[in-house]
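First chain A sits with chain B, and in the next complex the same chain sits with chain C.
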Partner chain A sequence: MADALDREEQAALMDREIYELALQQPDGLDADFLKVALPNYPLEVAVNGVNRLLKAGRLELMQVGTRILYRGVHAGEFERMAGLTGDERLVYKHIENSGNEGIWVRTLKQKTNLLQGVITRCLKGLEQKALIKSIKSVKHPTRKLYMMIDISPSSDITGGPWYTDQEMDTDFIEQLASQCYKFIYLQSYPRAMPRGVYSANHMAYPKSSVVHRHISTNGISTVALSVEHIEELLTMLVYDGKIERIAPAFEVDMGRGGGQSLGTKPKTDWMYRALRVSNMDSPFTDIPCGRCPVYDQCGDTGAITPAKCEYLKTWLSF
Partner chain B sequence: MKYLDVQSFRTINSRLSFPTTSGDRHVVGRVEAYSCKVAGADKKLYRFLENKYQDDLKEAKNLSPEQSSLTNIVSPFGPLTQSASRKTLFYLIATLNASFPDYDFSSLSADQFTKEPSPSFALKSINTTLLNVGCPTTLRTSRMWDSIDSIIEIDDCDVYSYMPAMESDPYEDEGPVWSFNYFFFNKNLKRIVFFTCRCVSNLEELEETSDQELIFGDLMNDPVKTEYYPTSQHALKSMTIGGGLKF
Partner chain C sequence: MYTQQVGLCKQIVREHYGPIVETVVAVLLREGRLHLGQLARRTKLTGPNIRRALAVLIQHGIATHAMSKDGSRMFTYYSVSLKSILRLQRAGLYLALVEERMGSEGLAIFRTIMVNGLTTIGSVREALGVAEMGNAAKIKFNSVVAKLVRDRYIIAVNPQDTITKVDRIMQEEAVEVEKLTIPPTAKELLAIRRKIIEREEEEYQSSNVVGIKRRASVDISADHSSKLHMGADGRTNGFNNYDSGDQNGYSHLNNGHQQQQQVDAVDDKQFFRAYYDRLDVFLRNQQIVNYFTDKYNAGAGALVKSILRVTEQHTRTCRVKLSETVSATQVFQHISAEAPLIDSIDTSKDMFHQKFDANGNPIVDTSSGTELSREKRSEIIFALLEVIHTDSSGIVIKVDERGTGQYRVNFERAAITLRDRCVDALVHEKFGSVHARLLRVLRDKKKLDEKVVAQATMLPIDSCRTRLHDLALAGMIDTVEIPRSADRNPSRMFYLWYVNADKQMRSAMRFVYQGMSNIIERNTKEVSARALLIAKTKREDVILDPGLLTDGERKELQNLARIKQRLTVANVRLDSMLLVIYDIDPLSADHQLLQ
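Let's look at the complex of A and B:
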């Protein structure tokens, strides 16, 4: 009788030791670690302890590749998980693992193999316990996504500074883009000469970092913008035909370099220059005669006359 | 919305899954009957939609008459200022939510739905689509429309169709060749029959290979070694084939 109690006390002590060890190892411990750390207990006894702790919820099973690890569950976490059923715990773990990206209900179903009704119930329970929240992504506005209640969704989901409440803030984007354009325009053409341009090797066109500094210091945007955000705006202006990219000068490397793999590309520090659209259409350039290669031979008679002209025919068939 | 389990629908649904005559695609569809009984979650949805409508109305008042065009008042369900039209929109959204449990359609607006000119119009459209793609005899002889009519009395119905934008399509992750979503709404019986169908290509593997992989195939991850030669003579020397050039 005393023997059995003794054994129970011993087992509880050993469990305690294992639990403390696990808490000290944030990445989890495995069976080999236990062997080294607890030389007094035979391995099977220790493994029994581990199983007891797993069942009680004090230890958690993790799989990293092919290795199995045991992680200690801290007191606070234990409290939270204690109130959950096994299914709820499973669902909660998956949602936790999705971090700030959130997880779609369908992915949850595929990963847990639980039925639709079970999942709906678990999600409702977890929501009522204020452990998770449902969010919407701008890329898939109808998908049901869930994430931990205290984490902020990633900018991929919220759309970053360009979206307000799941809607694209076109006014904001327009305003910022025109500010960038004006700034670039002022630096693209010499102020002294109204119709002049800089020479071909002029290198002082603004780079994206310069534009970014200008926008940030001007306080035009209430939200902090990174250089990447500004580059997105500049790319938009390039496709709109308002500005162009100019490659900075680079050294030509004639040495015996190694090859470059297909995937990597060094980031080029482009310069940006505003484009001036020329509206100077004159009748001399409009009519095909202005650009005709056989203008000198054209007359009222002969093989080349306006009546038989191919260029005029195409031009007149608008 | 309360799902109504209809035995004849179960038979129809099992036959609404078939390969197309072209062999490289298959059609998957289902017919579901719902009663417009409002449950707890539905009430929340209704309140959410009503609040959204009130907010939109307030915002529209702040805009000038040109900006707030009549598009947000007229809808395929009738003027949205009437609560009956808003109720119809609510029923359709609730049906979509019930039929696609992985999705939440509460952000939809009335302009993503259209009203079919008549029930027979929708019937003919569905029949043509299914027959063109190789509807099997088991489906043709199943008296599908009779079963649907016994539940919903098609002639008394308003028929609406959901035309989703790509991001709001419940079939977006399958990339279907075509899909349709019809709602047969009988106001008197307070019932909706939802007929949804899609045609999916069997060539799933192709979608997952990127363009780069298709072009470069196995060479994707091997670095292409380029060797530089200071002079072309050196290049000629190393390009010896057989006897080679003597320098």
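Let's look at the complex of A and C:
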């Protein structure tokens, strides 16, 4: 009886030693390491200890190439995993490994080789225990991704500051772009000359870093924005025809860039100049035909003709 | 040719020449070249009516004719030029241009030629009653006519010019081929064709203008000049306000103390016609000036205007791709004294323009706000030249640093910039700013997948897709298929969006044609709705006593005048889009060579 107690105590002692060794090796340890680290115990005894720890969930198995490694499970993690079944634990591990990118159910199925029904049951169980959460990616809105509950999804998944609840926040973008345009406009023309321009060698046009500072310091945006985000906005404004890019060096041809496409050289520290947008009107602005909803159906015969047009009648009666 | 274009042409011809000519033009547009018999069958008009209609059209340079064999018989085939018809809409702009540059005298002469089509100067003289005017008015008339001819506002016409251009080239080609002993090879044929085109170009570029001759030199003393000055009488047509300061038509030769002048005299019997290609160059130049005025300011616009004025002597059609070289000094000399240069550019912080006193402190300019010193004026001009030549459009290019710098205008770039701007404005108006943004992204980045377009334009993918389809339906953009597998299965295909410039231009023109057509039709409707009232105003008794019109009728006439003015302005503005989108493009001008 006493021998049996001694053996149990000895085994528990050895288990503790193996567990502590495993915790010290975050990359895991193998049988050879145990043999060297525990020279007082025969290898069979040590392997039995490893098996006991594996069964209790204190160690977990890893495979690196052809090598089998054992990794110690921390106390907190152990508590979380305590109530999980084997399948749930497997699913949980894959979700944990996916980090802030999340994992798609189909990928999970491929990796775990579990049946769809089993995976669904496991995911439901894990969600009930508040261990994982499901999110949607802006890139693939129909896919449901799973990740650890305490991890924030990456900006690739959420879309960065331009997205709110997985939807592009166009109002926010417009507001911010309008603020950027106003800021650039104020610095694009000499204040003392309302219709004047700066000379070709003027180098004080705002750069994206300056616009970024303006947006950050004035608290225009509550969302943290990087210079790259501001550059995205400024590129949009360039395509809106509201501002233009100017190369910072004297000899470079003001953004003409030898036919280079805009945005192909993001490292260039462009300066930005606002354009006077008063000239955006078209001759079609003058007449109702420009915005006529039935313009394509209008002809010299039929129900819709210029002679019978109500829009033209209203326009001419002004 | 588009349905809308044909409809518009018919309306224009009806407005200018009436329904019979319209019928003939409609058939010729629909069917192509036809001879008299075919025209009679298709128009159901009588022979004399068709002949008269064709005479009117040939007289105004709209129709051309060519003899061709059909079986054993020779027929004269007639065809019409769409471009000439569409230009009728621009008459007001042309007249305003001539008035601006040639004064009221030039306008009177030009208008007479425009109204009568092919005309001799003798007939113009007769129509304007120059013979009954004083000597000064006669000399003025001659000098203005000479200037109009020399500057190619009007151009001499010979009988060959009324022959359809394609046929004329074919005839010349046949003559050249006849000279060869054996049938020509493809290479030889190409060389012959090139030679014909070059010959025509040489004739055009030649300084010997057809229809003009130099008279023997005459001595003109200051006294004689003052006599001319006093010789003006009270005749109309602008020839009564002769100013001796205007020496148009005279080339000065300083020969010791005596001034000698060689007079350019125009042959009275030579037929002339208005040369619209040349006038389109001026309209194009005006558009370029507007671009710089809008983008920078009136000072920059005045500067570009001055560059173009210096070079336009050598820019005779829109086919020219690059202007002559102009030096900054020339620009300085030619810029108008009234050009609004004050406060047009801020050079105070520019290290290249900053001046320092003996102590090394920057000198602050204290010149008054209304007057510019010569030095300050030149500083502003040179600084503005730097700004416009570094403009992102690349319209004004600096070719050399010699002296104060040598500049040229790239008309090809100008045409592209103006066209893109015009199309953008059209899309902006018809669809909105987001669609215009999409268009600019595709123009800049060429071929893109819709996801990349959405990313670049910062739009949700579904909204971006809808807008792309809107633009594609309107013909503004197009898709290209990139197969992922060899079977070219549509479900495994990348579809990339891009701007098909040619298709886009056609779609934009269709919009414009339709718009102009609508305006003309509405104008016709407004006039016909008041036909009785208009007829009443033309009655002799009403002309003699306008009091016969009631207050309501007078008000209605005023209303009609207002409506017509509004519609005309809208039409002229739409026509400027046509000019920008198609007419001024050097490439399309090349295509139009054979028309």
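Keep this in mind: the second predicted complex is superposed on the first by the 224 of 318 C-alpha atoms of A that agree within 3 Å, B and C clash if a C-alpha of one lies under 4 Å from a C-alpha of the other, contacts with A are read in each partner's own complex, and residues count from 1 in each chain.
Basically, a contact is a pair of C-beta atoms (placed from the backbone, for glycine too) under 8 Å apart; a residue touches a chain by one contact, two chains touch by 3 or more.
If you're wondering where the values come from, they're calculated on a predicted model, not measured in any experiment.
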Partner chain in contact with A:193 - chain B first, chain C second, else both or neither: second
Contact breadth on chain A, by residue count: chain C or chain B: C
First (chain B), second (chain C), both or neither touched by A:170: second
Partner chain(s) touched by A:287 [first = chain B, second = chain C, both, neither]: second
Which of chain B and chain C A:298 touches, first, second, both or neither: second
Touched partner set for A:65, first chain B, second chain C, both or neither: neither
Which superposed partner A:240 touches (first chain B, second chain C, both, neither): second
Touching partner for A:136 - first (chain B), second (chain C), both, neither: first
Contacts on chain A seen with chain B and repeated with chain C across the two complexes: 254-256, 261-263
Residue numbers on chain C that touch chain A, as the complex places them: 7, 294-298, 300, 343-347, 349-353, 383, 386-387, 389-392, 394, 422, 424-426, 428-430, 433, 436-437, 440-441, 444-446, 456-460, 511, 514-515, 517-519, 521-522, 524-526, 563, 566-567, 569-570, 573-574, 576-577
Touch list for chain B against partner chain A, complex: 101-105, 107-108, 167-170, 172, 212, 216, 219-221, 223-228, 230
Residue ranges of chain A touching chain B (in the complex, touch as defined): 104-106, 109, 116, 120, 134, 136, 139-144, 166, 254-263
Residues of chain A that touch chain C when the two form their complex: 162, 167-168, 170, 173, 190, 192-202, 204, 232-233, 235-236, 239-241, 244-245, 253-256, 261-263, 275-276, 278-287, 289-291, 295, 298, 300, 305-307, 309, 312, 316
